[in-house]
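Structures follow.
Across the two complexes that follow, subunit A remains constant while its partner is subunit B and subsequently subunit C.
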Partner chain A sequence: MTFSMKRVHAIFQKDLKDFSRNMAVSSIIFMPLILAAFYSRMGMDSIDAHYTIINMTFGMVATFVQCCLIAEEKEKNTLRGLMLSPATTSEILGGKSLLSFVLTIIIIFFSAFLVEYKPANIGVVAIAIVLSSFFYIGMGTLLGLLTKSVMEASFFVMPVIIVFSFGSFVMGFVDQYPILKVANYLPNIQLIDLATKVEVGAGFGDVLSNLGIIAAWVVVIFALTVVVYRKRMVD
Partner chain B sequence: MENIIEVKALAKVFANQTALESVDFCVKKGEIFGFLGPSGSGKTTTIKILTGQLNPTNGEATVFGEPVSNLKKSSFRKRFGVLTDNSGLYGRLSIYDNLKLYCDLYDVPLSKINEVLDGVNLIAEKSKKVSLLSKGMTQRVVLARALLHEPELLFLDEPTSALDPVNTRHIYEGLRALNAKGTTIFLSTHDMHEAETLCDRIAFLDKGKIQLLDTPKKLKRNYSDSTITVELINDEKVVLPAGTEGAEQLFELMKDNQVVTVHSNEPTLGDIFVQVTGRKLA
Partner chain C sequence: MPLQFINAEKRINDTLLFPSFDLSVQAGNVVAIHSSVNVREQLLDLLLGKTLLSNGEIRIAGSNIISNRRDIGFLFLDGGLYDRLTVEETLTFFKRLHSSSDRIEDIIRTVQLESKRKVKTSRLSYSEKKRVQFACLLLQNPAVYLFEEPDQNLDIESKRIFITLLHQLRSAEKSVLILTGNMESAVTAADEIYRLDENGLHTIQIGISEESLDEDTSEITDSIQPVRFEKIPTKVNEKIVLFDPPEIDYIESNDGQSFLHIKGESFPSVFTLNELEERLLPFGFFRCHRSYIVNLQKVREVITWTRNSFSLVLDDAEKSTIPLSKTKMADLKVMLGLK
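Right after this comes the complex of A and B.
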């Protein structure tokens, strides 16, 4: 199986131009930055506050933007054009995910800068953030493939954003509703747990279980995405 | 001549509707093959099956000697091009940017963009945003995109449906030039004039089956009523049978200097279609 970076780059370049002219979707990426600026002024510098912004970036940029990019390709029938081209599944999905990935990392970087978040072990946190962004982009791709239009995608992606961006709030109700313990395994909760451990001196080996759970989510979401994508190749 | 497409007993059933019952035909390498039928006769379904976008319910279809399921492989996709009625262009991008993407996907040099745009008479508009183009111009961009990588086999689904006569002629010239370079063209249309102008062979599709398949010339000859119409100087028109009797009558009229024009009464492809299927192409 071949993998051409030229094709991936071509899809990325096209997406970048198209995205910059699509104000309805591109303006969304500023929301986490606005929240970060707000938190910074309020002096909120707890791990929970930092990761509310980071998880919101995952939801709004990695998932929402990605979902809209894919849904629009479907709605305008351009995805079929890509599918009929020599580009392979991995080249198309890779190219289509690159813009969301780059935007997510840039927004997280600037948000962290605004709230003055400096992880105790930047290497471990960076790995966890990159891994988490794969999950959220995969989620956006999957939802984009399952919906028929940008309008429908925007509607269906909202509950997902709420669960994964603000899921940490449900942990406050675990004592009342023990079933909510399941939420412990959500990637956003795992990321907060990992970041908290890192701040008290944990190294790579101490957070392997957190990384493993996030990686498992990535594997599941990508497997589902590839299956749905291949089904979408045929009417 | 080698067959580039072979279709045997191809059938497609959607839920409770039969789109193709049993379709058999082959397309020879290097020809322009016309696939004619009224709207809803299964032309687009056939193209979708032949390009790997739809799985058949029954039957066999091979393209380049490979089962159509193999067309999903990247290496085969470089060998064919598709133009369908759904534009599939990026509206916020310029014509040039749309074609640039496909140059990169097909490993075609960017210099090819000007060449294909010239061929579809859009070179002056290449910086225009696709969303600002008329339907006819959009159709020409889609065609330009399909021509970029000079495919061995080109599927065209109603390529000139939204075009004016001048642009239609441009497209015909472009397709003939492409065919002269060796591209086999599978042309789905309900435009009889288009089929007659471009195609080496024509298949009539109706009720999920191929009803007729031959060269336009042979079809016309086979369905001709073997008469001629003679227009006389007094504006009268006389229909004469072919053969000795008709020749003698024509000779007499010519001797008397009565004849203005003589026309052979060949049926049009539309007439033949109506005769064979009992319905009109629309």
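Right after this comes the complex of A and C.
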């Protein structure tokens, strides 16, 4: 069975229509934009402030939307229909992720525009953002597969949003609690680290370690998702 | 493409769910398995590959089911739809998902939802939602159709559409298997009916040979019983309860045991269907099917599904429908004084 773009596109279009009519989930994508507008009016233009918004977009758009899309399919017993169709696992998850991915990138673009964030090296930052969005979408898929309903999904997503979008505040306590140094390896903090380096003129070669750590997170979350999906396939 | 069960047997821990049986659903055939909910769910799980048979195997077109599960199209009792999509959008999605070449308009016409094509599926009635699911299944166009309780809770219009759909599937040489716990639905929809339980697979309504056997025994009982009384005895636990014939709504035979249906409850009778038919004929009862006798006083409506399949709707609280076989239709017309 080959990977068919036609089926991925069919799933993408179906989800786009469904999503645009689902106000309970779709309204959340405006949250980062509103926050971005506030920040820019308040004159907060540090890298940390910009990345609070970007990381929040990841949590609220990539993870939350993806999680709700999958949880709803499970809740309404429609995922079974998709699984029994000729569409393969990668086509189903690909079609669903495509929507969250497109939304994430659009929201990040507009938020950056609102807060007037202009990275010194746009190429490196773009790669880092795309890579991070893969991680958050993978996380959304995983949570969506583990939960049974949209209600449950939105509950489980909350701690994820808090840890990953406001996680950067944790760094303030590192001197007090050295154990928190572990948080340094979180993908959101790696992303901020990378962006800070870029601002002082770092090139692609200087941020390879940051990109590597984010990529490692992506690999781990994808592997977990595939394992869980295979297990849930029989449900 | 036939669906075959070969020596299929299922045990769960120490309990035997069903002993080994052979069943083949040929192309162009509609077969119903009448079973309890447990057996039905197990059969579905087996076909979905969630559990494995304790013994034997299930084949599609001669090869094991594992490799070609996608040749089966399932209609689940609790199947879902995308609430926020309209009927047309739902079908467009399924058409693209299954790379179908059928036209959406034709499919919508088949399930008679033309007036609802721009309506979101969440606004449809239960029966209409089920028809959308039939339509999705038609777009999938599998070789084997599997229906789980297809006409449960459906309105009469949707039942008629379902039965017409089965005729189309027969002529398109599809194999259809219906899993149901409702004998009436099995009798109306299928060509062959089986009962599957812990005693194995039994054919229901095999016909002439069994019937002539019944008639022989009824003649013997007639000669033994010189006095006829009008009440019909039934056994409830160890008690014998007597009913007046006019109280009885209809009588159903199941596994050689006849059951009197009275006000929505059923009571096992000590007589065979043929004995009952003879006794009840003077009271306005009518043998409308090999397995059914109906009290004509209680019949409200005769429904014609297709030219050859009919049902009777009774005037009781549940509006029970019971099948009327085509050969008996002529007799009924005579009894009613219709030409």
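Here is the rule we use: the second predicted complex is superposed on the first by the 234 of 235 C-alpha atoms of A that agree within 3 Å, B and C clash if a C-alpha of one lies under 4 Å from a C-alpha of the other, contacts with A are read in each partner's own complex, and residues count from 1 in each chain.
Basically, a contact is a pair of C-beta atoms (placed from the backbone, for glycine too) under 8 Å apart; a residue touches a chain by one contact, two chains touch by 3 or more.
This one's a predicted model, so the numbers in the text were calculated from it and none came from an experiment.
Novice: Could you tell me whether subunit B and subunit C fit or clash when both sit on subunit A in the superposition?
Specialist: clash
Novice: Classify the contacts of A:Lys14 with the two partner chains as first (subunit B alone), second (subunit C alone), both, or neither.
Specialist: In the superposition, A:Lys14 contacts both subunit B and subunit C.
Novice: After the superposition on A, what does A:Ser149 contact: first (subunit B), second (subunit C), both or neither?
Specialist: neither
Novice: Is A:Ser46 contacted by the first partner subunit B, the second partner subunit C, both or neither?
Specialist: neither
Novice: Considering only the touch criterion stated at the top, classify A:Ser209 as touching first (subunit B), second (subunit C), both, or neither.
Specialist: Neither partner.
Novice: With the two structures laid over each other on chain A, which partner does A:Thr88 touch: subunit B (first), subunit C (second), both, or neither?
Specialist: First partner only, subunit B.
Novice: Looking at the overlay, which bit of subunit C runs into subunit B, 38-46, 236-244, 308-316 or 326-334?
Specialist: Clashes with subunit B appear only in stretch 38-46.
Novice: Indicate the residue numbers of subunit A shared between its subunit B interface and its subunit C interface, in ascending order.
Specialist: The overlap between the subunit B and subunit C interfaces on subunit A comprises residues 6-7, 9-11, 13-14, 17-18, 21-22, 76-78, 80-82, 84-87, 234-235.
Novice: Which residues, counting only subunit C, touch subunit A once they are in their complex?
Specialist: Where subunit C meets subunit A, its residues are 48-50, 69-70, 72, 74, 76, 78-85, 89, 93, 96-99, 136, 140.
Novice: Where on subunit A is subunit C touching in the complex?
Specialist: The touching residues are 4, 6-7, 9-11, 13-14, 17-18, 21-22, 76-78, 80-82, 84-87, 234-235.
Novice: Can you check the complex and tell me which residues of subunit A touch subunit B?
Specialist: Result: residues 2, 6-7, 9-11, 13-14, 17-18, 21-22, 76-78, 80-82, 84-88, 233-235 of subunit A touch subunit B.
Novice: Mind listing the subunit B positions that touch subunit A in their complex?
Specialist: Result: residues 48, 51-55, 72, 74-75, 77-78, 82, 86-93, 97, 100-102, 104-107, 145 of subunit B touch subunit A.
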